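In what comes next, chain A is part of two complexes: it sits with chain B in the first one and with chain C in the second one.
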Partner chain A sequence: MIYDFVMSLLGVLLILYVISFTLYLVRVFKGPTIPDRVLAIDSLGYDLAAFMVILSVYLRSPLIAVCALSLSLWIFVLDIYVAKYLEAREMGD
Partner chain B sequence: MDVTPLIIAFIAAIISVVSTWLAVQEKDLIIATLFSAVQSTCYALLYYLLMAPDIVLVYLPVSVGLLPLLTITLIKKTERFEE
Partner chain C sequence: MIDLILIVLGLILVIIGVFCDFVGAIGLIRLPNFFTRLHAATVGAIGGAVIPMLGAALIALGYEPLGETRFILAGVAFTTSLITMVLAQAGSHALARAAYRARAAPLQPIIYDALSEKNGKGEKQST
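Moving on, here comes the complex of A and B:
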């Protein structure tokens, strides 16, 4: 009873996460400035990490939940690179 | 058989194709690097959905960590806009 309820709730959550990915990707593809795009990719990565954990619960395989940690750590690095590039260009020249 | 991972894998594959096309077309090379990062993230999700978490753990540092670092360093040494 409770198991079926949790599984159906996770199915609804997966659909909601896919919709939020679409909205983030619209911002990545359309975004007027570079910080918009970087922030959208950042949020997309963190959302994707939560999505991976939910999917590992949904598929009942706890081994694949480790990838979310690596993804959420490495997506953040992209932020630092772009910020360093933009800031160095503005400050240095 | 549950088809939910297959549908999500289909969506991720289409998004990766679109972002690869935009990365090739884009004239601003920083934005092209960002599109390439989106494509790498979609590939990581694809590997994850195909039940290969070890490949995800190796692919993420290379594609999201090393590749944008090298590309942005190169853009910094040369020009930002493609002619």
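Moving on, here comes the complex of A and C:
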């Protein structure tokens, strides 16, 4: 009884997550400079990792949560790579 | 009884996470500058990703029909939340430092720039 209620509530929360992903995508497509876009993709990636963890609880399969672990590491690599690229371009001037 | 407490606590954490996620998304759209959008992005990363992962770990621990796989799910969710809590701040800090030094983002709505005075460049890039 309580489990059905918890699962239906988690379904509603997952739909709310998808709505907030579209709000992040607005900034990704509209962002005037490169750091804006990278920052929006950054938040989008971390929230996608949280979405995958909740989805794995909702679908009762632990395989999706393992993908979230590597996704959150990949987002950090993207940050460091873009920061190095921007600073190297500044050194060249 | 302890299962019910874990599930309710996890659900409260996930609802807080969804609220912080919406606050971060709206702030990322509405704020005028890159360095102010950084604040909204950090709200979206810490409040919107770390806290719901902790809540998902608690729900998975208390969710009885999963069987033995609930310990795997709880462990992976807890590890991912710890890694995100450390790496989100380091990544956004590196990005902000690079954007300031390379002048890749405009500093337009600005009140006071202490870093340019410290570097000895004066008023060349304030205002």
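FYI, the second predicted complex is superposed on the first by the 92 of 93 C-alpha atoms of A that agree within 3 Å, B and C clash if a C-alpha of one lies under 4 Å from a C-alpha of the other, contacts with A are read in each partner's own complex, and residues count from 1 in each chain.
We adopt the following convention: a contact is a pair of C-beta atoms (placed from the backbone, for glycine too) under 8 Å apart; a residue touches a chain by one contact, two chains touch by 3 or more.
Keep in mind that this is a model prediction, so the values were computed, not measured.
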(request) Answer with first, second, both or neither: which of chain B and chain C does A:Y46 touch in the superposed model? (result) second
(request) Mind working out whether A:V66 is in touch with chain B, chain C, both or neither, as first, second, both or neither? (result) both
(message) Once chain A of both complexes is superposed, is A:V26 in touch with chain B (first), chain C (second), both, or neither?
(response) second
(request) With the two complexes superposed on chain A, say which partner A:I75 touches: chain B (first), chain C (second), both, or neither. (result) both
(message) If we overlay the two complexes on their shared chain A, which of chain B and chain C does A:D36 touch? Say first, second, both or neither.
(response) second
(message) Just checking: does A:G11 make contact with chain B only, chain C only, both, or neither of them? Give me first, second, both or neither.
(response) first
(request) State whether chain B or chain C is in contact with more residues of chain A in the superposed arrangement. (result) C
(message) Identify the residues of chain A that lie in both the chain B contact region and the chain C contact region.
(response) 34, 38, 61, 66, 75, 82, 89
(message) Which stretch or stretches of chain B touch chain A in the complex?
(response) 2, 4-5, 8, 11, 15, 18-19, 22, 30-31, 34-35, 37-38, 41, 44-45, 48-49, 51, 53, 56-57, 60-61, 64-65, 68-69, 72, 75-76
(request) Using the touch definition up top, name the residues of chain C that touch chain A in the complex. (result) 4, 7, 11, 14-15, 17-18, 21-22, 24-26, 28-29, 34, 37-38, 41, 44-45, 48-50, 52-53, 56, 59-60, 63-66, 69, 72-73, 76-77, 79-80, 83-84, 87-88, 90-92, 94-99, 101-106
(message) Can you tell me which positions in chain A touch chain B when the two form their complex?
(response) 11, 14, 18, 21, 25, 28-29, 34, 37-38, 41, 44-45, 48, 52, 55, 58-59, 61, 63-64, 66-67, 70-71, 74-75, 77-78, 81-82, 85, 88-89
(message) Applying the document's contact rule, which stretches of chain A touch chain C when the two form their complex?
(response) 2-3, 6, 9-10, 13, 16-17, 20, 23-24, 26-27, 33-36, 38-40, 42-43, 46-47, 49-50, 53-54, 56-57, 60-62, 65-66, 68-69, 72-73, 75-76, 79-80, 82-84, 86-87, 89-90
